[in-house]
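In the two complexes that follow, chain A is the common piece, with chain B as its partner first and chain C second.
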Partner chain A sequence: MTSVGDRAEAWRRRAMSLLLWLLYIFLYAPILYVIYASFSVDIVWPFPPSFTTDAYAELFDNALYADALANSLLIGLGSGAVSTLLATAGVIGVLRYPSRHRGLILIAFLAPLFVAELLIGISSLAFNARLLGLPGNLFSAIAANAVEGTAFAFLIILAQLVRYDWQMDDAAMVFGAAPVRCFWEVTLPTIWPSLLGAFLISFILAFNNLEISFYNLGAIPTLPSVAWGSLRFGLGPELFALAALTNGLVFVLFAVMYVLMRTGIVRFGYRGG
Partner chain B sequence: MKRFPPLLLLAGPGILFILVTLILPLAAIFMFSFWRTESYELYADWNLDNYRTLMREPAYLVFLLRSGLGALATSLICLIYAWPVAYFIARHGGRYRLLLVLLLAAPFFTGVILRIAALQGILGPGGLINMALGILGFQPIAALMYTQTAATIGHVYLFIPFMVTAIYLSLVNFNFDLLETAKVNGAGPLRAFIEVTWPLNWIGTAIGIVLVFIPCLASAVTPRFLGGPRATSFGMSLGQQFGETGTWALGSAMGVVLFLASLAVLALMGLTVNLKRSGFTGMGTR
Partner chain C sequence: MAGADLKTASLSLQSVSRHFGPIRAVDGIDLDIGQDEFFSLLGPSGSGKTTLLRIIAGLERPSAGRVRVAGQDVTELPPYKRRIGMVFQNFLLFPHKTVAENIVFPLRMQNVARAARDERLRWAMKLLRLEGLAARYPNELSGGQQQRVSLARGLIARPAMLLLDEPLANLDRELRAEMEVEIRRYQKELNIPFVYVTHNQEEALTMSDRIAVMRGGVFEQVGPRDDVYRRPKTEFVATFVGQSNRLSGFVETVKNGAVAFAWQGHTLHVPHQGDIAAGDKAQFLIKYEDIEVAGAAGKGRSDHRSGNSLEGRLRDIIFKGQTANYIVSLANGAELIASASSRDHKVGIGEAVSLRWPETSGMCFRS
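Let's turn to the complex of A and B:
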């Protein structure tokens, strides 16, 4: 009886892992297509293959892409930093200092998750332009992107810190550490992987955001808005080239992470055997 | 001097930030929805004309229904596919769990537009799939080219990582030993899943459904490039009011409708959550 159950269990496990790999293939097929097309002579009809690196030369020649990349990076870094900072403080507050307003605080931090990006974009455009009289600028774009980023960062950090043992902090405080020192020397070394994860997610969201940034920036170019604009005359192969380079970098980072996990140098919060 | 409560000091800035950058703008479009636009300017004469227009013109209702049905289909597909995947990562991912989840998020490094364009390149006429079918001597699949189906595939592509992550985060905090207890007490795997795993992870699942449904309902870019001429979505039309046509007041009213629709879905999902029966123990009991 047990062996039948075990065999069924093993079969289910294989089926689930198959689904996972199929999902990866589905998710990465378009990414591989982007990389493939970036080397193609004709990106609209890229089959049969014929290769060139023209798109890469063009990418480094054109100032528009450098501008757009710089703006996107600024929005990503700014929004990522603001989001992670606000969310970390919020999570620690909620978990360390129980209060009857806890539910309300959670709702406030997580509310942006349930408002569509398009709505955040148009409402902050309407608010800034018509009520405050502000033209679109990088700061308003960073702020509007950080709304969503804060909620995601809060969720990620909360999910990890729920299991954090605050008695370590209490111990440090008993031995006379000030709250700030306690945070730097006890809390942060333990929780940094989740903060990094939160920063990365809020960075990517803002870096690649179209709908929030587009409505908040007016004529200032970002990578997504350049892509959006160029779709009307057919997508520039330079954007495919840039995406290919970005993905190359990401894959290298993941490979490094895999090696670190494999060798157990950094465990990224994993505590099992 | 009175000591500042630490909770206010820690959570206050974030709440203030969300109040100023989310709640106030939403209140602003709520106000504008009762105003009037004339040659790209907003005038504050209070009226209900925008809402009347939305109700009188059948096109807007069609857009909303189309977006709603699309979002429903996408959520269901994501839900069914994401569960076994999230379960596998949480239960059998071992030390690579985080990496496996991050691999689901990595496609976000490539912008939505490029990924949609690439999907178009794969699904469209002359794309990878139909090209291969042509070489093998089959008819191209028309359903994949500029149809609602193609738009739904695009939505699943964009949003399924959210669903997997939400369910995964719930399962990571789920005590799998409970399944052993269920087994010892004579429950088969299916019954243990229906009576233990599913209800105890329903909050995470419900969050996943909402995280897929809401952006899908507001989606504008995907149906525009994958959906073809008869796929105009509510989001596309809403975006146009703030762009090409410049009818901000009507656009604001559409924004309010979209917000209320999202809120209704959220409330509906909220009603299904029973904190006592979901194993919620009040977060980090100290």
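Let's turn to the complex of A and C:
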């Protein structure tokens, strides 16, 4: 009896792990393939393997990509900073000062998540250029990207800060800390890891974004827009290198965060129990 | 040296109220607390005692009334300008700061010079026996140590007064008993008022000079702890403070402030509180330890003419350590509990006993 049950259990486990591996392949095969191909001599059919870094040389030789990288970094950093700032203020407001309209406020903050990026791009173009008469530039691209970034950052910070004990701020205030000092001395040192997380996510969103930036930038190149543009000439090897590097950058960012958290350098809330 | 510059400190509340919509969390409280007092706000949860404490601290704004600390009207002042110390139930130590950083936090906020800060830190660490823990983080401390750090932080800045919000609720029983004695000692040494919020009547009785029993946002009784314990003003206070037997009956006669109380065919002579008249339904509450258990052998010398006496049978003895509860079944089926030293077992279980108490014990309230 038991042996039949054990065998069934073993099969179940095997099926589950097979499913898990299929899922991983589904998620990561394209990314791993691009990285592999970017180092290959023949990127169209990179089998059997033979390696070269020509694609990277081509990428770095092209000055347009350097410009585009600088612009994308600026948009990413700017939008990340704006998003984190607004989202932090919003979350603290929602959690600290209970309101009957809390549900509405939450929806108002999160709604941009459900609007297509394309539409955010078009509407901020229409609003900035037509109504306000602003020229398309990096600032309007940062602002437009921050619309979506704020919503994401809000979600991330909210999920973390519901665990924060605001009585901690009460204690700080009783002991003489005015609100601003209280934030710097007590709140921020405790919650900064979640702010960093929100910043990284909104940075990456804006850095990688094509549609929103495209409408607000006109001729100013960003990495996604240059990659998109060069597609007209087919899948060049430098695009493989670009894809590999961008994925690599994101991977490194999250690896660093993971290590920080595992080693306990970054810890949210109370240390231990 | 600890409290030399605090001689004038005291607290005065004038018809302080806090309403949340239709809920009157605190309803017209008047209170004066002296410089050297250990004062407890005792009440069940939801009685408004924590709200009142938060109003004193400035964390909650009163809907009406004034708050004065050391003669100064602080009603409009934010908490960080009141110079009050506070100890919280869940300690609320800053998790990212060491013990020393936590303790000197109030001094840093007041921009006290480093040398003076260090001196005060040494004083506080010594007072609370925290030597050697300065570099630890809160999560590396035991509950008792965390509470001591929390006390040190509350006291280091020579506050005008210390507020304590159920500070012992999260500690185990043994530690609690030890801290009760210590906290009272600090109050007497430092000579500043302590306002202590608790739902635990034992804590309040152990530590306080005066106790306010709170319910529904108002004071049921304010007075020295002996008064609150021995002479409860309301039935609620009699029930909430100490352990009492409750007898439901009615008033036969009222003469010279003494009530003849009819209970299940017996007539008991008891003191009373408040308006009461012959024929009123009433409750008589008497603390366990006010009833004396005697063996039926003593029945012969029933010269207790001035007292009350009931006959019954000892059903069980509940051993409590220093004391024991004697559960006595009466002929009418009711059970009364008497508490006495657990050492002198004058009677055995199942034996006939008589219960006695003087006419001055217990308290009768109209129900």
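Criterion: the second predicted complex is superposed on the first by the 214 of 273 C-alpha atoms of A that agree within 3 Å, B and C clash if a C-alpha of one lies under 4 Å from a C-alpha of the other, contacts with A are read in each partner's own complex, and residues count from 1 in each chain.
Basically, a residue touches a chain if its C-beta (ideal position, glycine included) is under 8 Å from a C-beta of that chain, and two chains touch if they have at least 3 such contacts.
Given the structure is predicted, the values throughout are model-derived calculations rather than measurements.
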Return first, second, both or neither, reflecting whether A:174 touches chain B, chain C, both chains, or no partner chain. second
More chain A residues in contact - chain B or chain C: B
Is A:246 contacted by the first partner chain B, the second partner chain C, both or neither? first
So, A:115: does it touch chain B (first), chain C (second), both, or neither? first
Considering only touches as defined above, state whether A:190 meets chain B (first), chain C (second), both or neither. second
Chain A residues contacting chain B in one complex and chain C in the other 269-270, 272
Interface with chain B, chain A side, in the complex: residues 5, 8-9, 12-13, 15-17, 19-20, 23-24, 26-31, 33-34, 37, 43, 45-47, 82, 86-87, 89-90, 92-99, 101-102, 105, 108-109, 111-120, 122-128, 130-131, 143-144, 146-147, 150-151, 154-155, 159, 161-164, 166, 179, 193, 197, 201, 204-205, 208, 210-211, 215, 223-224, 227-228, 231, 235, 239-240, 243, 246-247, 250, 254, 257-258, 261, 264, 267-270, 272
Of all residues in chain C, those that touch chain A in their complex: 57-59, 78-86, 88, 90, 92, 94-96, 105-106, 109-110, 137-140, 153, 157
Could you please specify the touching residues of chain B with respect to chain A in the complex? 5-7, 9-11, 13-15, 17-19, 21-22, 24-26, 28-29, 32, 42, 81, 84-85, 87-89, 92, 94-100, 102-115, 117-119, 121-122, 126, 128, 131, 157, 160-161, 164, 169, 172-173, 189, 207, 210-211, 214-215, 217-218, 220-221, 225, 235, 238-239, 242, 248, 251-252, 255, 258-259, 262-263, 266, 283-284, 286
For the complex, which residues does chain A have touching chain C? 165, 167-168, 170-178, 181-182, 185-186, 189-190, 269-273
